[in-house]
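Same chain, two partners: subunit A is paired with subunit B first, then with subunit C.
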Partner chain A sequence: MAVVSKANIVREDLLRVEGVTKIFDGAVKAVDNVSLTVASGEIFALLGGSGCGKSTLLRMLAGFETPTKGRIFLAGEDITDLPPYKRPINMMFQSYALFPHLNVWDNIAFGLRRDGLPNDQIAEQVEKMLGLVQLAKYAKRKPHQLSGGQQQRVALARSLAKRPKLLLLDEPLAALDKKLRETTQLELANIIEEVGVTCVLVTHDQEEAMTMASRIAVMSEGHFLQVGAPDEVYEMPNSRQVADFIGNVNIFDGVIDEDKADHVTVRSADCLHYVGHGISGHSGMNVGVALRPEKILLTKDQPASAYNWCEGEVTEIVYFGAHTTYHLKLASGKVIKAQALNNTRDLSYGLTWGDTAYAYWNERAMVVLTQ
Partner chain B sequence: MNKVSSTLRKFIKGRYLVIGIPYVWLLMLALVPLLIVLKISLSEMESTSVSSMMDWTHGWPTVKLNFASYIFVATDALYYQTYISSLKYAVMTTVICMAIGYPFAYFMARSPKHIQPTLLMLIMLPFWTSFLLRIYAWKTLLVDNGVINNILMSLGVIHEPIAMMNTPFSLMIGMVYSYLPFMILPLYANLSKLDMRYLEAAADLGASPFKVFWLITVPLSKAGIVAGSMLVFIPAVGEYVIPELLGGPDTLMIGRVLWDEFFSNNDWPMASAVAVVMILLIMLPMAIYNKYQSEQMAVKV
Partner chain C sequence: MNQTLSPKTIKWFSLGWMVAVYAFLYMPIVTLVIFSFNDSPLVTVWSHASFRWYKALMQDSDLISAVWLSLKIAFFSAIISVLFGTFTAFALNRYKRFNGRTLLSSMASMPLVMPDVIVGLSLLLMLVSLQHWLGYPDRGLFTILLGHALLGTAYATVVVTSRLREMDNKLDEAAMDLGCQPFQVFRLVTLPLLIPALVSAFLLTFTLSFDDVVLSSFLSGPGYSTMPMMIFSRARLGLNPTINAVATVTIIVVTIAVIASSFYTSYLERKRKREVAQAYSDSNN
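Let's turn to the complex of A and B:
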């Protein structure tokens, strides 16, 4: 899904944020002692719900807010106290903030003109940017004469025109409708990759973060819950909050029964889990076992295995076209979700409301959450 | 089907009625008086009243148009000078109001949301007192033995009173003072709607605070600038009370000439001709403004 390979190459740190805190009105801690490094060429996503502090952090990187505490370094230089117009950082604003009185050409040229470049160089760079976002034909149009997707590309061209060391993207796709978002997402990622600019992206949309970013920081209440590659954060969430925020998840509360180097067993109200890897815990410890809906299989026949299955009643069948989500009510009253890929045209399990079904899963499907 | 179309017809009639009211209003209160003034300007003055345009002496109606007043307005240097001087004072008033009003409106729009209504109140507070009274009050401040001269003399800053009253200076004080709110209000309305993200985007792209103001804030508040300037300039051209009370005998303004023609010379056609020319002078900037407005609209559609 994501461009994982690129992140693994070791590169020098471009952006370094050290213990940054932002307190508003002397009381509200919007960002709480956050540290992070972003390597050159990386696309780093700040993911979180509204009010988690991700936008404040981004605004501090752009220079619109000053940190209450902590320092921000760009390519080794302390930029904490630089005003926005002196930072080699450009931002693509949420809903774009294209200047309504200037046409596309002048919007893209705005930043270059501020650098006092000669006209022919400005023209050359603007043409290049227009080519990059495929809007050469629209150069003379005003922003309001463009569609949402075109405006988004102008905004991208404008923020890339000055060849910033760091590009900030504030909810880059939030203003587009779903269908357009999918194509634009890829386009955006491709352009950014082509230019090779380092990016910090703010989004509340986990899909957007996972498809675009090489690393994701999941934020809540001003601090990072987990930082890692998209698959890492998805498949190995380090807490219930992260597991819950990224995608759908079923969490079984249980107690560690057997704690071995190569496996653990966890007993929960409805079933016995056999987890095929060791964890840092001890027997008798209260844990949560996280299980993604797409990793659960359903059957009408009772599985023979002693582990990793449970019995329930089908209470809800939600058809999505490509897949179907079944809600299964277990004996304890807990409802779990199982997602089935519709790989044939008849619904694969032949289950209907009220049927008794058995959910089962692989020993490598689960994550044990100790936090 | 029939019923639907009849209710639809009623609805359309109602719509014409609603749209028609303002048109009738404008017709009665703007166009008709204007035509009467135009008619008077083309008549001759008889001993106590204006001559009739219609003449029946030949047995059929003939219309007599008398352009004497217009010819006089065009040839007499006094009128020409008065128009120029009126326009000069109106332009000066507009420019000074803009210079004071724009920063005023800007900081008002940027001030914390909860104190903005109070600031707005303070702008409108002078309207609670009679306009005439406020202009008289300036007189007591500006005359030779007035408040300002007395204070400066008692402080020893000056030994002779400064002659402020009955000069272009006192006229401009009165004009700017009276018209400033009409500049501030449309500018404030415009600037308070200005999206801060445009300013941030400009700063982000490397524009210094001054450049942000000049390249983004000013162009985006153009509509407010135009509206404020028109609201000040148009009434300022024809102003009568302020030059009469504060301007002294030497400040020429068209409003005073108009008054003299009407009430001292009792020459209605002449006064009307002066007024018609003044209206034409004012209509020119209005037409430019309207064209600008409709262009703005066309761009928006």
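Let's turn to the complex of A and C:
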């Protein structure tokens, strides 16, 4: 459900990071030989848990940290050694970092004044920014007189005021409560799209990354696990780590039985998987079969097919309102999760604790993980 | 046997206790103020009320010049202390890694725990030998100022450091991100936010210097007596009620300053709370 249109216009690369490594105190490798390119107008998300190096990478882009190795180019120019105040890059901080002694107007004008622009131009740009984030009537207020959502919009306006070539967002929504986050997410994406600024976003929240970004890099221990469009990363994870980090997943460990150009069969402890596409592997290879809970259907009757189903006992039913998650304990002791959309007002399957149920799925629901 | 105290007893007891503590703390000061209006030359015997000792104070040019000297030293030493204290606090907080950081941090706070007598004595020894080798400085206003600034810097460092610690480092980064060079960051962001801490550091070091006897006694030269030194030396010769008068004047000035500043802070606090509440109710509309 990416908000940003992914119109495939050929765009030039704006940001190029080449083999950047950051080592702290001579020992800790926060970022390990990372390379990436971000096209002009793109919203690129760095996604990962805490300590994965995403923030360090962002801080290197902003200029607060210097890479131990590697170069950073912005619009063809090497900016690796430029201090933050000389980079045409602005950042929106996680805690917003609004200047508490300045009002909204002065906060937004702060960067413009540093450029020595004439007053009328500053005023014009500030008014424009206030209009963009719909805070015109709060211009004279101090940051502490604003609600969290308003503060966030001031921070955004301030970071956009200098018309940066690249906008950095550090966990832009982390400080807001859940309900506000959803509306703000859309608002933020719309504003960024309206301005047309290229954007690198750091987040630990996969939903935030998926809704806002046109491409996601999943990071772990200082390097990229996978880079791709949100649906690509979700539907075609390239490793167990990625499959596990983005959303929920059931992984069946198994061995390739039959390896054909148009399909593969994998035998695991509880069932035989028939995967409807070819993979780069060979018979006898140990693989994992990843299956998302929402792609599993449940029934009380044993399916007739030879493939893609398994039998289990319902051990847990977790009701979320919009959907329900069933935990199924298989014969091998493995527990899988199946998610059912509650599209009627009574629970879809009529299953209860202790029932025997059959889980089944489509041949195109699985991904074979070879790593 | 029912031994519990009735609420009434507890109430009277706590009230009585409170009165006793306040009396212990403030009776001497109140007595001093009252006796400054006593006509009798004997400090402890009341005759009748008069402004006699205030008149005497106005003619006591020694005492008045001592007060002026104390004010001058307190003012300038407070300024020097705040200046150097801020630099030190900055070095300790903003530059995390440099050689000798731990040494500087413990050295900076050393004068806080070192007895004044030791500090005064060592300074005196240093100044005497300096004077011996270089013929400079003569002991007087400058040397007292030096000693007070030394002590005050330690206190100012502590006050400014604690404020810097609670200040968001991200503000500096945000300023830099928006185009500020390091000095501009200090001038436009850090300094304005630091002002309350600088004011309280100034007041603290001012008072420290104003009532210091020990360091001043070591460091002063002929003709340079600060107010506390003069009070101290006169007290040894037998108390003169003029001292009560000068003390009363000091107390009144300090009290007014304290009351005014606490009213001002509570006014700011109330205003801020009101504005925050306003922001919340606005955002819900």
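Annotations for the structure displayed:
Everything below uses one rule, namely that the second predicted complex is superposed on the first by the 367 of 371 C-alpha atoms of A that agree within 3 Å, B and C clash if a C-alpha of one lies under 4 Å from a C-alpha of the other, contacts with A are read in each partner's own complex, and residues count from 1 in each chain.
One rule holds for everything that comes next: a contact is a pair of C-beta atoms (placed from the backbone, for glycine too) under 8 Å apart; a residue touches a chain by one contact, two chains touch by 3 or more.
Source: prediction; values computed, not measured.
After superposition on subunit A, the partners subunit B and subunit C are seen to clash. Of the two partner chains placed by the overlay, only subunit C lies in contact with A:G149; subunit B stays clear of it.
Contacts of A:A62 after superposition: both subunit B and subunit C are touched. Taken together, the two structures place residues 62-64, 83-85, 89-91, 93, 95, 97-101, 110-111, 114-115, 142, 144, 158-159, 162 of subunit A in contact with subunit B in one case and with subunit C in the other.
Across the complex, subunit A meets subunit C through its residues 62-64, 83-85, 89-91, 93-95, 97-101, 110-111, 114-115, 141-142, 144-147, 149-150, 158-159, 162.
Those residues of subunit C lying in contact with subunit A across their complex are 168, 170-171, 173-181, 184, 188-189, 192-193, 272, 275-276, 278-280, 282-283. The touching residues of subunit B, counted against subunit A in their complex, run 195, 197-198, 200-209, 211, 215-216, 219-220, 222, 299-300.
The part of subunit A that touches subunit B in the complex is made up of residues 62-64, 83-86, 89-91, 93, 95, 97-101, 110-111, 114-115, 142, 144, 158-159, 162.
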